[in-house]
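Note that the chains take the letters A, B, C, D and E in the order they are written out, and that residue 1 is the start of every chain.
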Amino acid sequence: MKFQEELKDSIRKALPDLDVVLGWCGSFDPLHATPHFIRREEDIDKLEISPLSVHNLATYLPGLRGKKVGIVVKGCDSRSVVELLQENLINREDITIFGFPCTGVVDQAKIKKALGHAGNVRTCDISDSAIVIQTEDKAHSLTLTQMLADKCRTCRYPDAIISDYFVGDKIGEPAPLETDYAALEAFESLSVPERFGYWLKELDRCIRCYACRSACPLCVCRDHCAAESRDPHWLSQENNVRDKVMFQVIHAYHMAGRCTECGECQRACPVDIPVLMLKQKMNREIRDIFQYEAGVDPEATPPLLSFNMEEENITEKEW
Amino acid sequence: MPVLKGKELRIVGFLCNWCSYGGADTAGVGRFNQPTDLRIIRVPCSGRIDPLFVVKALMNGADGVLVSGCHPRDCHYAEGNFYARRRLEIMQRFLPVLGYEAERFEYTWVSASEGQRWQQVVASFTDQIHKLGPAPKIIGPQAADTLNQMAAAL
Amino acid sequence: MNKPLNYAYYPGCSSTGTSLEYDMSSRAVCAALDINLTDVPDWSCCGSTPAHTVDHSLSSALSARNLDQVASMGLDSCVSPCPSCLANLKTAKHRMEDAGFRDKVNNLLDKPADTRVETKSVLQILVEDYGIENIRKKVVKPLTGLVVGAYYGCILNRPAELMQFDDLEHPMAMDNIMEALGATVVPFPLKVECCGASFGIPRKDVVMRLSGKLLDTAHGIGAMALVTACPLCQMNLDMRQNQINKANGSKHTMPIFYFTQLMGLALGLPEKELGIGKLCVSPRNVLDAIDANLKEKAA
Amino acid sequence: MKVININLSYNSDFVSQVEEESGQKLNLCYQCGKCTAGCPYTAEYDISVSQIMRLTQTGQKDKVLQSKSLWLCATCESCTARCPNKIDVARIMDVLRHMARREGYTGIRTVKTFWDSFLNSVRSNGRVFEVGLLANYISHTGRFWTDIGLGPKILPKGKIHFKPVEMKGKKEVTKIFMRFKQESAK
Amino acid sequence: MKIGVFVCHCGSNIEATVDTAAVAAASREFPDVVFATDTMYTCSEPGQDEIVAAIKEHNLGGVVVASCTPRMHEQTFRRTVERAGLNRYLFEMANIREHVSWIGKDRESNTNKSVDLVRMATEKLMRNRPLYSKKFDINKRVLVIGGGVAGIQAALDCADGGLEVVMVEKAPTIGGKMAKLDKTFPTVDCSSCILGPRMVDVAQHPNITLYAYSEIEEINGYVGNFEIKVKKKATYVDWDSCTGCGICMEKCPSKKATDTFNEGIGKTTAINIPFPQAIPKKAKIDPDFCTKIQKGKCGVCAKLCPSGCINYEMQDEFVTEKVGAIVTATGFDLFDWSIYGEYGAGRYPDVITSLQYERMLSASGPTGGHIKRPSDGKEPKNVVFIQCVGSRDKSVGRPYCSGFCCMYTAKQAILTKDHLPDSQSYVFYMDIRAIGKLYDEFTRRAMEEYDTKYIRGRVSMIYPQGDRLLVRGADTLMGAQVEVDADLVVLAVGAEAAAGAGELAEKLRISYDSYGFYMEGHPKLKPVETNTAGVYLAGACQGPKDIPSSVGQGSAAAAKVLGLFSKDQLESDPQVSVVDIKRCIGCGKCIQTCPFGAIKEMEFRGMAKADVIETICQGCGICTSTCPQGAVQLQHFTDNQILSEVNALCRF
């Protein structure tokens, strides 16, 4: 990336005052990146920014509370930071934010699907428009836009909303490739039994690993998650689909008005359950009723923590 | 005891102590006849009602859930029903994505003096649920029906 | 006026006969104010009182046929000068919102009727859509010195839920128009009392008593004339005024105008277009007095 | 005066039929008399409108349906407009009149004949043909002199036509009446 | 927990449509239930003794009573289990009367439903924990809102009982509606002779602080410790120095001000004292009519005032009072009858309200006690009274009976005859409601001795005919339409809730019915209490009332306050929220949503945590449903308790 060196310089400048800076670096193969904790000057060189920088590093912030932390953020990641600030879950003065203009990150599931069972990845070259992957048997050229994560195809915030250092030129407000919630709307047009059955079928394969929860930057209950608590005792520990669905509903409702749709829950799911859709549904309703979007204004009050005496967009049932 | 087969469906009500529970009492004192499906859980305030209770009830086999609190501005705790209104509205709009009709859940306001209104609310909500029929069940005796219905739909 | 006012026009049966002058003056006034009235092409009788005394579905069927005609004109609102027609058309629309009743009525018709059209009275559109202040601006010959009472009759705004027009007990629409035309309006206490309606033929005695009382009261408050908005009221008070005098031993010579006639005069339209000559009780003295007042004022 | 046995004379079918056809609840009436107080036709009635309400409430079918009052109500709706219990009294009067008609009560012959003549005129012409209506009325009542005195007064005004106005769809209107007759015969 | 279940027959109230023995039998199958029985009257002494005996015999840890609504007898049974040594919160009720037996007749469904409700109660009970109240200090002062006869009675009784009283009255003088009356029924004695001395007592009582021409701006706190913000509206006269001499009023050149005290009969001066016996007897300027305030010219009153107390720049002022209890005595207002177009809607000057007539009858009123037609000042001959104007009329949204109109109309008819022996009074009525000691005798006297013509029927229309009014009504007993030529028509206008009753209720956090009248705690057993502890009702704010009832309720409210203050400390309700410090992550969402400011942030081992202040927490549970962590739980209504109820009802 053009601004990668500039970013490294900024980090180098700030690092002396920080305990750690969160970024990304290469991983087990050329097709993957992994979170990178920069503690010393020499760690800086390993920093890599690319469409493989998929992780939302804001997830680590609440756990690092009390430390001086730098964090490199994509536009979407920055909304999680905003939300954490708004909810008093991190302290602004402890956080140094490095922003850059993000042109989208890949969806590894899409790539995996495109490659088929291709064996190990030897090289991976990413240009502005294509990803060329050399596997053991052949080279695959994939169109970048087709490999982008869904959230990038509808992205309206490519630049970090909040930052102390911003490198590169801001993109501003782009024209999204797709309208948001198209998939949700398609799902909503299904019949009631189809919708009900869908979740039973999808969540039937849930292994209750809670990766969705651990990846979520706003899941802050940590050791006291409703999923494993007996007081309150919302869920049993049994392997039944009812409690699996219920957990997803709890997650979605606890995210209502807070979720920034970073998609980490779904990305983290080892069995590819489309759990983001439930949060999107919440968000769309919140947007329709309250014209509210989470993670854009650190000073805003989330709609479920406030009220109006007269609610403009709520029509109560007449009996 | 299970619901009376063919006669009743399972309807759960969450009522605030000060207004709606009193309204239901007033309806009783006035001998305003009502369908027998509804079972009332008393809570201090509609603001105490976590919308997840509604989902929990449905997932555990309820066919309908009714929440009732004090009229806006008349909350015994000043603001509880204002919070409740936002949270319950969100949940009502959310339910369809799970595969429950939004009409399986309603929230409303009934004051302690409105016995007749309570009768009206119970009668029409019960009717509404009977029109929808039993909610899909995940586990239990009706789960087989649900699975058959799903198989037919998919 | 910003946007042109366009309405379908339903004249009603009496417009071709006993209330010819109401029809004439309504058309003339609307034309003068650039309000476009397009006749409902092949209108038929709304059923009036007799139909609803027989059966509500019959009554609504007769009205619905006309509403359907309006709908096929591509207009969404219709005006009628006659309150009885108005009440029937509106009632039919309202009752046919009930699916069961609607089926019953459609059963009587050649084809199911589209009854979504709104109907208003000529009076209502002049007051609400055109506006009193706009009328005031158009006055060229003020009715100075005319002391007039406004008589609305019983069904112009009843029932309130359906008609949605003016005060139920003390309507002011015509009072306000007359005031805008420069007349002196005396508050008529029996504005919404019944005149005897269609009992003129079968039970004349009733009309003599009820309309007689209206004339007595109008005379008592010093009105030179009454102004009306209903063909039946006007007919009972005007055409039968002699019969009333004979029956009650009174000596009224009170002109009974349609409000559109007086509007026309104030707008400077010729008497002939307004059917002034078709009134049974001659308004000559009253009109001459207005002219004299005008001259005096000019001098 | 006849003693009325309240339970034996109570015709519950009548009460429920009136309630169904009018959409009004008779028990709402608490006999304040405001309808009678405002009714312009009270002077002509044999039974005042509030008493019609009371008799209907108590299921006194024959007494109600044979009342002349039903035929003298002009539907001016004073009663409906002012009822403190929001009862549409005029509609009840209408419904009672329908029932009286169906049960063959003539009520006041001149009134019924006039209304029938009016509707006959509409049936055959699509609109009311005033002269035809009058002729029809006179032929049924023999009241030749009814409004003869008005002739000289209005003839010259051009308000009287001796031929009905022709309208295209008059057959449609006639068919409405025919279908209504068939429906009522069912 | 060993649980005992008691299923009450309530005589036949429950037993008639619920098989209570079957409910008890079914209950025995529930987990933890070791004893279940059905009893005739569980709340009776033998019924309660049976509970106590069972607790001891079966060593019960908790009790479920299936009977009436907990709003009726929860307190009763809590005391019962306490007598047997259990904590009062180890008790649950299943409401099988109001919510079951009284609303359905199907015995099978009702029995089945009752079993469900008992199951729910036992499941919750298993999760109940003993709770203990805390004691807190109280402020033994009382606020009386409204200085009508009910408020005066409550204030004087409290003050005589040794309490400090703060009275807030929104009008410039106390006295309320009663001060406007000429005479009272059924004794026909002079209203001001009865009320006047009581008003003076209020002014002179060392324990009473009076804020007249003041309103309640804000109420904070809770029983024992309310904090009241009072708005003293600007009077433009320094009341500390005003002596009520009245010179200002004599000389004020602006004589067209609305005379509120006299109900608009006549006009008054811009600076005025409402009436000679006003308490406080102080002048006040109506700024809408004062030439000095409106146009900057005049200033006559300031020049003439011997004590120099005029201040045209005066602003509203706010004072704060701390009290422990509140008596609400805000009274009623007259229905705005102008909705009745058929009565002229105010067009006809000789159609007046009963209260206007009262001012006309009063010797200290604007006509000096002479009955005169407002239109021409002539003495009327025929006076027509119309009852139930804005009462018992669904079409104007007032279906209720105002209660006292029949009586005052009879009184006014009698007084009319006394004032004008040649006059004739007519009363249009629907029913005569004279239920009180000597009341019916009184209305009979109006007819028998004073020859008042009572006509049974409503009036449909009033319209002018010549210089008289034609009243057209019905005499339903005759079955006829009737007309009366009237010189004066007096409308017996009904009572409605006082203007602003709803807003005040919101501040007091009490409920009101759909007409704005305040709801009593229980229609039979708690007629002066409200559902908010420490707030009591007196007089017509609770529903239309005549003078004796208002006075009675004023005394009753005072008795309640004196009872409340008979202890030095009150016990707090332990059904409050508690924070589980392990779960709390210090996000502060509960602090943000608590309507009472009962949750504060505190520091625990360097981390922010929420902390509930027990005496301020009112137990609404908004925090519990706000906290995603489930870290703050409302005691007695915890997530687990409610979930157990859900699980008991919805068994897949």
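Heads up, the rule we're going with is that a contact is a pair of C-beta atoms (placed from the backbone, for glycine too) under 8 Å apart; a residue touches a chain by one contact, two chains touch by 3 or more.
As the structure is a computational prediction, the values presented were derived from the model and not from experiment.
Counted as hops between touching chains, the shortest connection from subunit A to subunit C is 2.
Annotation of subunit A and subunit E: jointly contacted by B, touch as defined at the top. Of all chains, the one whose CA centroid is most distant from that of subunit D is A. Interface comparison, C-D versus D-E: the higher number of contacting C-beta pairs is recorded for C-D. Taking the mean of C-alpha positions as each chain's centre, the chain lying farthest from the centre of subunit E is A. Subunit B and subunit D have centres, each the mean of its CA atoms, that are 49 Å apart. The distance from the centre of subunit C to the centre of subunit E, each centre being the mean of the chain's C-alpha atoms, comes to 51 Å. The distance from the centre of subunit A to the centre of subunit B, with each centre set as the mean of the Cα atoms, comes to 35 Å.
Remark: subunit B and subunit E have CA centroids separated by 32 Å (rounded to whole angstrom).
Counting partners per residue, subunit B has 51, 56, 60, 73, 79, 83, 87, 138-139 as the residues that reach two or more other chains. Shared contact sites, meaning residues of subunit A that touch two or more other chains, fall at 234, 242, 304.
In subunit D, 43, 78 are the positions where the chain touches two or more neighbouring chains simultaneously. Chain pairs recorded as touching, per the definition above, are A-B, A-E, B-E, C-D, C-E, D-E. Per the touch definition, subunit A reaches subunit E in the complex via residues 66, 87-89, 220-222, 224, 226, 229, 231-234, 242, 254, 301, 304-305.
On subunit E, the positions that touch subunit B within their shared complex are 26, 69-71, 95, 97-100, 102-106, 108-110, 112-113, 115-117, 119-120, 502, 505-506, 509, 511-514, 519, 531-532, 575, 593, 595-596, 618-622, 624-626, 634, 637, 639, 642-643, 645-647, 649-652.
Listing the residues of subunit C that touch subunit D in their complex gives 13-14, 16-18, 20, 42-45, 47-58, 61-62, 65, 104, 107-110, 154-155, 158-160, 168-169, 192-194, 196-206, 209-210, 239-240, 242-243, 277-278, 280.
The part of subunit D that touches subunit C in the complex is made up of residues 40-41, 43-44, 72, 74-78, 80-81, 88, 94, 97-98, 101, 108, 110-111, 113-116, 118-119, 122, 126-128, 130, 134, 137, 146-147, 149-150, 153-154, 157-161, 165, 167-170, 172-173, 175-177, 179-180, 183-184.
Residues 342, 388, 392-396, 430, 456-461, 472-476, 479-482 of subunit E touch subunit D in their complex.
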